[in-house]
Structures are given as structure tokens and as C-alpha cells.
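Look for chain A in each of the two complexes below; its partner is chain B in the first and chain C in the second.
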Partner chain A sequence: MKGRSLKAWRPGRGEWNRGAAAHLLRRAGFGASREEVERALEAGLEATIDDVLSRDEHDPALLGGARHLVAAGNIEQLAAWWMALILGGGAPLRERVTLLWHDHFATSDAKVDDVRLMYRQNQLLREHGLGDFRQLLHEVARDPAMLLWLDGNENKRGHPNENFAREVMELFGLGIGNYTERDVQEAARALTGWGTKGRAFHYRPAEHDDGTKTIFGQTGDFGGEEAIDLVLAHPACARRIAARLLEELVAPDLGEAAIEEAARALVDFDWNIARTIEAIVRSELFFSDRARRSRIAGPVELVAASVRALEASVAPADAARATAEMGQALFRPPSVKGWDGGRDWINAGTWLARHNHLARLAAAKGDARPDFARAFGTPDAARSAADAVLTVLAPDGCNDGYRDAVVEAAESCASTEAALVLAAQAVLTSPEYQLT
Partner chain B sequence: MLANRRQILIGGARLAALAPFYSLASAGGGSTRGDRVLVVLQLTGGNDGLNTVVPHRQDEYFLLRPSLSLARGSLHAIDDEHGLHPELRGIAELFNEGDVAVVHGVGYPNPDRSHFRSMEIWHTADLDPTPDSTGWMGRLADGVARRAPGEMAALHIGDEGLPLALAGEDYFTPTVRDADGFRLAGGVASLPGVRTRLLEGPAKGDVAFLRDAARSTYRAAARMEAMTAARTAIDYPGTELGRRLRLVARLIAGSFGTRVFHVALDGFDTHAKQRLVHAELLSTVSDALSAFQRDLDATGAADRVATLVFSEFGRRARENGSAGTDHGAGAPLFVVGRGVRGGVYGTPPDLRRLEEGDVPATTDFRSVYAALERDWMDLAASSAAHDPLPLIG
Partner chain C sequence: MLDRMLPLGALVLLPFTARLLEPPALAQEAAPPVPAQRPLATLLPERTLVAIEAPGLAALLDEGLEHPLMHALAEGGPGQLFAAETGSTPAEMLAAADAYLGQPLLPVLAELSRNGAALGLGLGGGELSWALLLHAADEGILRASLEDAFGRLEQQFDAPGAFDKPHRRVAGADVWGLGDDVQLAARGALFVASNHEATLEDVLDLAAQPDAKGLTARESYRDAFAHTASAPLLRAWVDVERMEMLAELTGGGGNAMKKLRAFPRTPEAQLLLGPGVASLGTADVFAAEVDVRGMRLDLRVSGIGAEEAEPLAVDAKRALPPALRPHDDDCGSLLAYRDFAAAFTRRAELFDADRMPGFAKAEADLSLFFGGADFAEDVLPGISPWMRVIARRPAYDAGTVPEIPLPGALALLKLEDADTMGPRLMSAFQTFIGAINLDRAQKGEASFLLALEAVEGVQVTGAHLPKPGPEDGVDAEYNLAPGCAVVGDTLLLATHVSLVRDAVRELSAGATASDSDPVEHLTLDGAALARLIEDNRSLLVMQNALEEGNSMEAAEAEIEALRMLVATVTNARMAASRPQPDRTLFELSLDLAPVDAEDQR
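Coming up: the complex of A and B.
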């Protein structure tokens, strides 16, 4: 079990290195530039984690920008706005969990068809994403976009619509195998009358079924709030949320013991998500080999980390369009299950999109041109250009064959800047780089 | 149906007579179901069916459309009572060769006149689609991918988002903007040695998986580049649609492996000053489709390709006050191909019997899908409740 528990990590000599710092900044945020990694190495592990947990202030101009664009009613612009917050780096962990909850409580504008409501839900996830999970779930259940998405308005006394009740058990709270069909039907009855009016939550007492319900073996004349409380009180709930956090922050398939330990932490911290995340990112498990480069990065994290590492000023709309072509259109997850993730990110079309967008990112001209000196320093020859690129983009190191290929790419060029572009393209389009 | 029986038989007889010739012409022998290709050409916005297949014997047509009706003498006759829009010259020629099935009055019950909803219904073949509904072409792509793993089962050619029609369970359909859309970008693309070496050496798990994906993508990109660079014997019109159908024909001729293609042409939402716009759109469709068919003939692939031309709904029978037409319901569609039993199907519109001012749907679109899914692609039909129209074979 050594190295696999939530016991706080005490790095040995040389273990707090570029690989470890970059891992922390990728997982608890959206990646880092060379300067940020070097600052982290200088500051040490504890100070860097403190900084990760406390860096929580967006540029107010960025944050406020949404007010004008929701009126325009264009979801691509809203996606660009969110991408600007992600790339801006003002509150990396908060944006990381906002994206996690967008995937977990996956709601798509394809059905909601209301940019203002998608924006409000996004703000809700941002506001409560690091707070008390119980409150987050209660807020999401009353969120107008969610109510439209899962047919709250159709859920009426005598004609229950089970859509939300099912997903709150199957996906949002418990997972298959932890409830019966009867539990779903009874919870749907408890939630009758919850709907929207205009763009607001609206409770219609006349449509609420106030009869007796039995959920998870408990009987009462439950309303919607109580049904959600029963889901939260179910032992599977903390486990599911803990598993979700581990999968996102550490690695997929860590096994029951790790999930159990993280679920206990979540409950001990009174369901506080930030404190649970803190325990996870300080742990031996988080920094173990098992966690490093252990899953295929999703398009948003891949693009954001690449932009930040290259010190490029990419237009957020272009970045959002790139992630959509790679299979992750913000505000349009494919279904209520969210993005499948892992190997499902990859097929011929999305591999081509990854290759082409990342290659273009390195070779961009004009405003979007990377700041090569900041990103990689000022190497004076092709070989040192290749090394500078590998230091930043492959901080965990690589084998000789890989290094030779990157050097070959750099040496095919006439100038050092061209060498940096080609070396960066070689790394960015390699399979290893797709892992986070 | 009886009235149209003659044409169906004529179409069938011609095909039977020509079949040996075509099987000699195509390199791999005749069309087997395992290599048949379905192309869907979507006319986005709601194509005006009454000015596409014109019921010129009905006086009501001229009364309902004082400024938009088309002169009888300008039409291309498909039978005694109906003629194709003057700009559909190429499609009319294909019809006369027995390669076009015209199906009257296609739609679904309780028509929804919202573009979005109606398109969703056509795309999913589900009258009440949910966020989890898959698309009918996505289901076909899943079926193709299961039989031929590793091939690029379906392709979406266009610059709009992936159509819901192509949303499948397992297979994710890539989008290609044009012939250049599958080209590798970046200087590193011209260093195949570097790319090969980056994919070499021992690997397991995700890295091995990603290397496989990268290799097969690069192979596909190289093949696509070679195929699209090849010259064509046929001149295509210089339209976007022409270029896109040329790409489809190149990939088919080169045995790229893709068996389901989606191509769309937008602009059919003709609420005002429709006459010239609609004529232009139909000539774009007809010229591109005609060149596509000639190209398939020239490469010997014609007998294994069927093309469905559809729109999400037809348009109101009576023209509106802006010399345009509003959203309607049932409309004719075309299925084109050497393997298609050409002729006229379904119940022609009766302009004395409109429903809420619209031509009603008399043939369910799922019976067209069933013919393409089951009889053409040899895969499961979206709905068992709708017998396939006898369009194939």
C-alpha cells in the first residue's frame, strides 16, 4: 500500500522535480509554462500546493464579459468566454472543477437551447464547485437548465417523468446497482411539481404528488429536497463522488481501497470538495508513478496546457473551436453521461484534429505566435533547441529514440526558431504527449 | 401505387438488361452488399417540393402559386402529370436512364414545422427524439464498423457541426471540410522519418493504443491525398457541392473503405423572392449530382452507390405575400443510383386535399430508410414497423 494512500507525500531528494511540479500543475489546473514550473521548483512542494489551492481570482474584465454575450444568444461565444477563463489562469483549480462538474452533471445546449441558462448553470458549477457537494447537488437539482434538460416540467402528479430521478441515482449520485427501479419511480414522485417558469425555478404545489413514498427502504411523504437528501445519505454517494475526483485528479481505476479512503475523507471534511481535493493532491498516491501520465488528456486540458506551455496568445474562440473538432464542444456534451473520455477521445478524425491543431499552434504567426524566448529560452543550435523543447513539453523525460526523433526534426531546419517550431510539433503530435 | 407500376417495371427491366455489362465494367465484379455505399445529400432549410416535382395537371397548382408556378412546357416530364423543375436537367436525364426513384409525399405523422425538430426526427428516425437518440446513419456506421473494423465507416463532408444523423453508439464519424481537410498540417508532416520514429519502440497500454490510432490516421490521410490528387475524367461544376461530391467519388473510386457519406447544401428556407434562389439551388444540386453519377460510371463504381436526396420538410402549397413559401409538411425525395429501381413511387399530392395548407405525408420516411438500410446496406432497419419501399434490386 506504500505510495498508494492519501498519506501526505514527503518527497525524497530530487523527487520534487520538473516532472512532479508539471504533474501537479496539469492536474490541479490546466498546465504551466516553463517559468511557472521553475517557480514551483524554487518554492518547494508545500508552497506550490498552497498557491494552487489559493489562486482563485479571475480578471474581473474576463469574468464580466459574459453579461454582454449571453444576450447575443450564441453558445459558441459562451464556450469562447469559458475558454478565456481557462486560458487566463486566474483560478485554475476552480475552472478544473467547473469542467469536471460540467462533465458530471452533463447538460447540453442542444436541448436547453438557451445561452443565458447555460451560462447560469456554468456560474453555479463555478460558485459551488469547490464547496459542499451536498449543496452543489441541491442547487443543480433546482437549476433551470437542468430542469429543462431532464424534463422537470413534464414531471407531474399522476404522470411522473423519471428522467431526473433516474440520473440523480444512475449518474449524479450513486451509480448502477445501488438502487432499484422502484426507488427511481418513487423519487420521481417526490420531485413532481419542480419545474421552470420563464427562466426561473418554479414549484407548482398543484402538480406535486404529496402521497407516501418509499425510497431506499425509508417511507414518508417526501418532497424533492428529501429525495435528494436520501441520495446523499446513501453510502454509495460519497464513494461515487470520491471516485470521480480520483479519476479526474489522479488516475482511472485506482481500485476500491483508494476510493474508500477518499470517500471517507469527503465525509470527514463534511463534504467539502476543496478540502478533499487538497488531501488528494498532497498525497503519496497523487504523486505516485501510477498517477503520472495515466490517462489520455481531454481536448480542453490538452489545448489549454499546450497554449500555456507555448506562451501563445491564442484567441479563445479558436481554442474552443479546436477542442470541439477534437470531440469536446463545451456546453454540448454528447449526452447526460457526459464525455466518455479515455480511449473514446481518439479516432482517425479526432487524432487528425489533435495533430493539426497542435502543429498549427506551434507554427502560428501574428498575434497567436508563441513567445519562443519565454517558452523555451534562447538556445543557439538545433540540438539545444530540441533539448529546450523536451525540458518544457516532456518534463518526465523520454527515451533515446524519442529524443533522436525530436533532434532530427530540429536539425531539419535552417534557423533556431524554425528548429523550436519543428521540435515542438514533433513532441505535441506524439502519442506520449496526449497523456496527462 | 398501381398507377406507377409501369414505370417501376420499366426501370427494373432496363437494369436487368444492363446488369452483365456493369458487372464486367467494375473491376471487382458486381455490387455485393459488402461494398455498397450510401451517400446522403441533405437539402437544408426545407426544399419546396411542389416546385421540384411539379403537379402541372392540377389547376390548383397555378391558382395557389400565381407568381411562383412554373410553366408546363419548361418542365422535364417524369409521367403524364408531373415534371421536374427546369433546372433539374441532369436529374431528369438520370431519371430517363432509369436511375432515379422519385418518391411523392414523404414525411411523418403530425408534422413539426420547426427546422430543428423536424431535422432531428429525420436524423434519428425517431418521432420523439431524446438527448440519447442516435442517428440513423450513425447506426449504419456502427454496423459497417463492426463488420470492417479499422475502416473509416462513415464520413461527414462539410463545414457545419457533425449532423445528428451521424451520431452513433460506438463509431465516431470524422468531419472533412474538403479535399484538403484530411491533410496533415505543420512542417512535421513533411518529415515522415521523424513521425515514424516517434511511433517506434516498445509501448503498451494507452501509448500503444495511441500509436495505432496515429498510424492508421496517417495512412488514411496519405491515401486520401493520393486519391484526391488523381485527375477525373469528368468535369464537375465549380460549386462547393461539386467539390464535395467529387471528393466522395474519388474516395469511392479509390476504395477508401468509407461506406456512408453525408453532404449538405444549405439555403432552402425560401420565405421570400424564391424563384431565382430556388432555381439556382436546384441547378447546383442537379449539376453536381449529374457529374457525380457520370464520374461513378467512368470509374466503374456506379452500381454500388446510392444517393438519397432529402429535406426536413416541404413548403406550404400556397405562396406567401413575399413571393416565397413557408414551412410545410410532406415532400418528394429522390433516390439516385444505377442499383436503384428508377420510377415514381408513393401517392402524388392532391392539391384539393391539403392538410392545414400543406401536402400531407403519405409515405413514411422510414420506409425509404428501410429500403436503404436493409435492402441496400444489408443492415438493420431503424423501424420494423415500416416496410421498405421496393427501391432496390
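Coming up: the complex of A and C.
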């Protein structure tokens, strides 16, 4: 089943090191503290991967607490709640894929304007995000937030609205070049009658076009479910989803061979996302140099990883506001395409927001002050403070010039504690740290 | 922790570290004692800007945590909140202090302040200067305390004998220096500490002169407390006018203070805060008294020289709306005076020219709701400026209890021409609901359904959202089911039609409460507010965890402490009045619940 790209990694002596462990915990979660990395090193590769894949222990009071927030109708509070789940670290991989699917099936409260529905969609993505992708797509297609977002209620017999049908092909399932305009129009007809009533999915038979449709060369009196099944049966669908997983977990632009192999794995695993992710994170490709620090961290992963690394105590609402300032407002992706990501994460405004937030995080006072002793140990001099900071925040190592700059910053300080703060600021605000 | 506090807080701890039984050991010259009954204000320099005196402190300290109010504060909600913040209850902190001192702290404090305690603030050398005065029961107690404290300091800073002798003598008093920061002095049973040498010397000079008047030479000080009947727990006097002048002269935030002082004189402030509270902010001198009687705590703040702008000032002759009988579900009530009619009709003289377009637009827009009647000329003058607002937990229709239940509000307004104004306002209410529905329809939201009903022969207009579907949840907006009615010459307007119905029944029965005192006031019921917190506990805990970054357990503890804090206050009343032409009086009364009673709620 597995070809070269997803061949299981068998680390040689010294290869399961701090850099590899930190990479795994960054990509399959939201980063790790010094202690967590050391635990992973001690436990070994297999046990750590098993833990990453199986850890699913959110604080029930926190997880269930959102239902109290939704009645207030404040999307920023819901974003803070989600950030609390991410920062809490109870189920890192589950939250990682929930964020991935939130970007993939991008739905914005800016149009839906209903916090309860955004919460339900979020729970849907959380519940099915590691399960069968086919079920996930079917559930998303019937999700009231998605139906409002892509105008399901306007999709009626005789006046089909193509929004959802187009996106299910272009973005959610296949990608451009794998369907025709006619396929979109016919799928839209198949989906007529799907809408909402109150806050629930509602099928209106009178508005459904029950005529014959031809989608991807197949003809029948298809309904919405069949149209989605046809998308899932299209060979491009597994490739599209495999590419998305690889882009998120490994690196962008890995090439057709890796995508084909991951797509095969997805289908072989009966579309089970968790098992496909497991194959990816156990692979040589995942731990290769090609993968490490290969993409620009999104704001949510940047903020969460920094908070965890510094052992800082940040109010989730503040963290969510910070990610919004950096260009990633949870529940408010900019369009149905989600966040562009990559180099688009960085512009003059968002770079300033990143710089200011990370610098403030390291120098915070009072309750928000990072626990430097837990984060970096107790170095006794400026140089060892710089080394401790680099070990935690640059676990893959760094070049001499970079190291010298951090040491110089630390040595300019009057105390070891000040040296830790300045060295941490120097690393956190460096361009290199923005890569994950 | 006390060890760490000592270097910084040495001044505060010094007098408290007494060994009461040991004799005085420090050398001294005989100086005539300051009479026990001499007011400490006579020892504060005349240039003092803020004076805080505590004539009744020793009596309260004598009872310590046995005093019912102190007990309620320490063991009830405030103590719980304190514990949630610091990790120790007040009783635990006190026990730690007792253990550190080797004797109970509060009795020592009581003896040290037996004949009064005072703090004076002023300017010295361009900086804030302060002087703390304690007049002990007798000289022996003070000297023993000082000796004990000096001994601890000598030990802590490894400076044996540093305080064996006074560092100097001033006006018959022994003076010691704690570095350059603080000077301490003892003269008989009087203890003085200050961060400013000249201030300390002035206080000691005044103490040496039996007839010196000190701050009491100031007429504004004498006036401030001329009507005080007995010695309160605390008394404060603040010379705002001179503070503003000095701030201007020294450049120490003079402009900011000027702006702050100018704000209450604006019509915006008077409409926002009410003429009483706004005029308090214009006072030249503040005089405040805090007193404790049983479970009641009273604060009275007099603003002397306070101005009141005539057009918006309270006119006691205007008609008051009737008061309703207190209800178990009442969270609070407000009687306020806001003369919007005067604000509109005399806007040209009250407001800047750039506000006029806003007024014109508001007038035009609002007139639409009144069938073209001129809002400023025909509507506002028909409504008395007195308004009564009652916050009450409402009754909800079955199945529509919001997941976040908020208190409803009922406003009672007196109409001065009910025959004309009643139908006009009822019609405006319906038009207003229609306008809201138009906006909601544009957003694809459900419309309010209007309903008319007769209650005790009075027509009540109400509006409510349609019942949500079983999967839809009951959003916070279901807290709004507005209602309106006119009973006689009283307009009733509420967030919940159920509140209007209840009020109609009560007013129709003619059994209203007798509250006809034309004084702006706000009352709050702690028990009802605590129930409100209880109703929304889960939401508040979540919000606390997300906004403060607390764990769920810590957030739960904070909200519980807040609930207990609120429940501690059975009744709070704030009132603002003008007892004299140049004086505004702000009164706050808090009735606290005994801890046991509070637990039973």
C-alpha cells in the first residue's frame, strides 16, 4: 500500500531528537513545551505517535461550556472558546483537523450571522474530522450554516443556485479542471430543495428538481445525496483531500507522486482520515528535511505554539483577538476559499501584529507572565540563557549568525531573567520562527 | 510574605509590632502631652489637600471580627472574593499577622489609634507628601510598639543599636529616620510618620502648640463637618479647588484635571449622570463620612460649592410617577430626573453649534413615530422629567425562557396631558415595533408579533417573537417581549409585557407604595441580584475562564465569590440631593446580611 513517500520512518541513531519530536508535536498538534518534548524523546517515536493520535481528553466542562455562550450570540466569545480548547491541549490532533476543515469548508459568520449554527458546524467538524471523509462531506452538505453560507435556500426547481454545487467541486471535493460547467449546473439541480427551517436542515420536496441529470457522464434522477456520492467517487476527490492533508501536515507542493500515494492510502483506509494521517505522520516524508520548517505558520498555530513553548498563561479571548489581528479570525474566514495562507499570512500589517504580540508575550508581567523556569529551566548566565531559549524555540538548530545574535541580545542584559526575556523576544520575532 | 513586606511596608508595620507589657526604653525629654480629646485635624498643616480621619476606628477594632459587620465582610462574600484573589481568607491573613507579631494585631491597632488616627496628603517639595498620625491610648503603649518594631528592623538590616536613640529632636518630639524616605516621630502618645521632613516638623510644631488650629483654621474644613452629630468611623475632606490650582501651577496634570472638572458642568454629563451626581463633580470641596451602625454602612459625600445648571436641574414641583410595591423579584429601582424637553427646546443655549444638526435629525426621525407631531414641541413637554425604572425578573411565556435570562425593566412616566399623550405614545410604540420588524425582515429574522389585550379594563400592547423551534434554542433576544400601556396619567413601558400587566393591575387597584420624595435615587437588592448571577452562573463561569484565562475551577470560585459578595448586601441605596443651595449630597447606604442568613439564600 505504501510507496516511497509514505514509507515508514525508522530513525537512525540520534535521529529521533529534539528537532524531530518538536516537528511532530507542531504539525500534529499546536506545538509543545520543553517538558512535553523531553517526554516524547524519552517515550520514543512509536509511543509518541500513538499518543498524538489517541489523545482525546478535553476538559468536559470546557468542551460543553460553549452551549452557554451561543445564546449570547457573540462570535468572538465562541472564537475564544475554541482557542481555549486549542490552548488547553486536551486533543491537539482533533483540534488541528477541526481547524483544517474549518479552512477547507470555510464558512463565515459574517454572512451566516448565527453563532449557534457556527458552533454546530464547529462541533460537526470536530466530531467527524478524523472519521470517514465521505460522511464528513455529506454532513457538511446538510449543515445549516453551510446551507446559509452558500445560499441553499435559494436553490429551487427552475431557479437553481449553483453556489454549493460549484464549491463542492472546485474547493471541497475535486479542484479546478476536474469538472465541467455542465457538471456544476446539473449537481445544483440535484441539490435543489435542500435548505433550512429555523436552525435545522429542511428538505422541501416541492422545490426539488426531480428530472434527469447528467453528472460526470453519469445520468439519472439524482438527488443531493447522489450528487455528493458522485463527487466522492470521482478519482480527483481522493487526490484533492490527500493534497490538503499533505499540505497541512507535511509541506506544500510535494508533487504528484506523494499526492497519489496519500490518495491511495485514503481510499485503502476506506476514507478514514485518522488512519491516513497516521500513515503520513509515520512516514519518512513527514520527518524529511523537505517537511521541516517548510511553511509559514498560520496565526492560530503560531500563537498556540508560542504560548505552549513559553508556558505562558494567556486568556483565550486575548489569544483569539491576537490571531484575528494577524489575519486569522476564527469563524470568519475571508471567503469560501478559506485563508490563502502561505506567504499571504505575512504583510506589513500582519507582520507588525505578529511581532508585537510575540514580543509582548515574552515580556508579559503579572498573571500572564511566562513561567520561564518551566519553559527554559534555570540557566545561571546570559549565554546559557540564550542556549536554553534556542533549545526550546529553535529545536531544529540554527546557524552561527543567528545564535550569535541571540547570545548578544542575552548578554546585553543585567540579569539572567532579563536575558531570557530578551533572547526569547529575539527568537520569537525572527523570520525563522514564523516557519513551522 | 510578611518578611518580604517589611522593608517596603516598614512604616505600616512599625506601630503594630508592640509588646504591650514592656516598659518604654527610649530616652526622651518631657514634653506636654497632646490632650486625648484634641482633634487630629488640628495637627495637620493648613496647606493639607486631603485629610482622612478615623475617630471611630478604635471602637470598631476593639470588636474586631466579632463585630457583626466585620464578621459579615470577612466570612461572607467579600472575604470569599478576597480569598479567591489571594489564596487566603481575611481570618487566615489576620492569623498569619498575629503569629508574625506574636500577639493579636487588631487589639494593638485599637490601642495605637485609641485617641484617633489621621492621614494628611499635600504637596511637599513639588511631590506628594503624606503624614500619618496615630494617637495612642498612652505613651507606654506607643513606646513599646516602637521599641519592638525598631528591634525587628535592626535585626533584619543587621544594624544593632541603630534605633537605640532618637536621631534628632523636633519641638519636643523624638525623631528617627528610615533612610531618606520616611521619618518617624513620637511625642507622648502621639505617633507621626511622614515622607516629607517639613511636613513632619509642621505637624510636631502644631502638636507643641495647645491652641493651634492646623487644618481646622480653614473655613471650608469647619463648614464641611459643622453638622456632624457624632464621631463617625471615617471622615475625609478633599480640597478639590486647591488641588486643581496647584496641578495647574506645577503642571502636574493641570489640564487633565481641568477637563475632568469641566465635564460635570456640561449638559451631556447632566443628562447622562443626572443633575445631582453631575453637580457633585463641580464641588470645590468634598466632605465624606463613613459610619457603621450594626449591619448598616453609611457613606455621605457632600460636594460643597457644587453648581447646578438651571435648565436641566431638578424641579421638585414636576409630577412624580407612582411607586410600585416592592416585589420579591425586584433587582433594583431607580428614580431619575432627566429633562429631555429642556435639552431639546433650549439646545441652542446648552450645546455647541455642531450638535444642532444631530438634534434636528433626531427631532425629524422621532417625529415620524408620532404621526408627524413635533417631537420637541408636542411630545417631550407632555412627559414629566421624573422617571421611575424598576428592574425585575420577569415572567416568561411557557417555552420561551431565554437560555440567558436577564432582568426586565419597567419604566413609569407621568404624562402631563394624558388624554393627548396616551394615545400618541401607544401609537408610537406600535410604529416603533413595526420599524424594528422592517429591519429584522431585511435580515431574514423573525418579526415581533403585536398583540393587544385588556387588563383591568386597560389596553395593553405587547410584542413578542414567535416561539422558537425545538432545535433552535432560546436566544438572548427572547429577553425582549416589550409592552406598553397607559393607566390614568402614567405611561408604562417595559421590556416584558408581563411587567406591564402586573403594574396595570397594581395601579388599577390603587394600592401603590408611598414614595413621593423628589430625590434621585437608586436602590439595589443583593438577594435578587445574587439569584440573577445564579441563573447565569454557567455563562459567567465560561466568560470568566475565556476573558481572564482562569481554569474552569478558578472561574467557578470567582463567580461564586461574586455571588456571595452581592448576596452580602441585602439592600443598597444611593441618593443625590441638594439640601442647601451650594451643597450636593450623595448618600450610599449598604445593609449587609449576617453570614448565616446569607448562606440560607
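Methods note: the second predicted complex is superposed on the first by the 432 of 436 C-alpha atoms of A that agree within 3 Å, B and C clash if a C-alpha of one lies under 4 Å from a C-alpha of the other, contacts with A are read in each partner's own complex, and residues count from 1 in each chain.
Following the convention adopted for this analysis, contacts are C-beta pairs under 8 Å (C-beta built on N, C-alpha and C of every residue); 3 or more make two chains touch, one makes a residue touch a chain.
Treat the numbers as computed from the prediction; the structure is a model and nothing was measured.
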Following the superposition defined at the top, how do chain B and chain C come out on chain A, clash or fit? clash
Between chain B (first) and chain C (second), which, if any, makes contact with A:S412: first, second, both or neither? first
Quick one: is A:E432 in contact with chain B, with chain C, with both, or with neither? Answer first, second, both or neither. first
Determine, under the contact definition given at the top, whether A:P334 touches first (chain B), second (chain C), both, or neither. first
Give one of first, second, both or neither to describe whether A:V314 is in contact with chain B, with chain C, with both, or with none. second
Is the number of chain A residues in contact higher for chain B or for chain C? B
Just chain B (first), just chain C (second), both, or neither: which does A:L254 touch? neither
Of the stretches 37-45, 73-81, 217-225 or 361-369, which one of chain C hits chain B? 361-369
Contacts on chain A seen with chain B and repeated with chain C across the two complexes: 113
Once bound in the complex, which stretches of chain A touch chain B? 108, 110-111, 113, 149, 295-296, 324-325, 327, 329, 334-336, 343-344, 346-352, 355-356, 359-360, 362-363, 399, 401-402, 404-406, 408-409, 412-413, 418, 421-422, 425-426, 429-432, 434-435
Residues of chain C touching chain A in the complex: 402-404, 443, 468-469, 471-477, 538-539, 541-543, 545-549, 552
How about chain B: which of its residues touch chain A in the complex? 116, 131-132, 152, 161, 167, 171-176, 182, 184-189, 191, 193-195, 197-201, 203, 206-207, 209-211, 213-214, 216-217, 220-221
Chain A - residues contacting chain C, complex: 59, 61-62, 65-66, 68-73, 77, 80-81, 84, 113, 116, 197-200, 313-318, 367-368
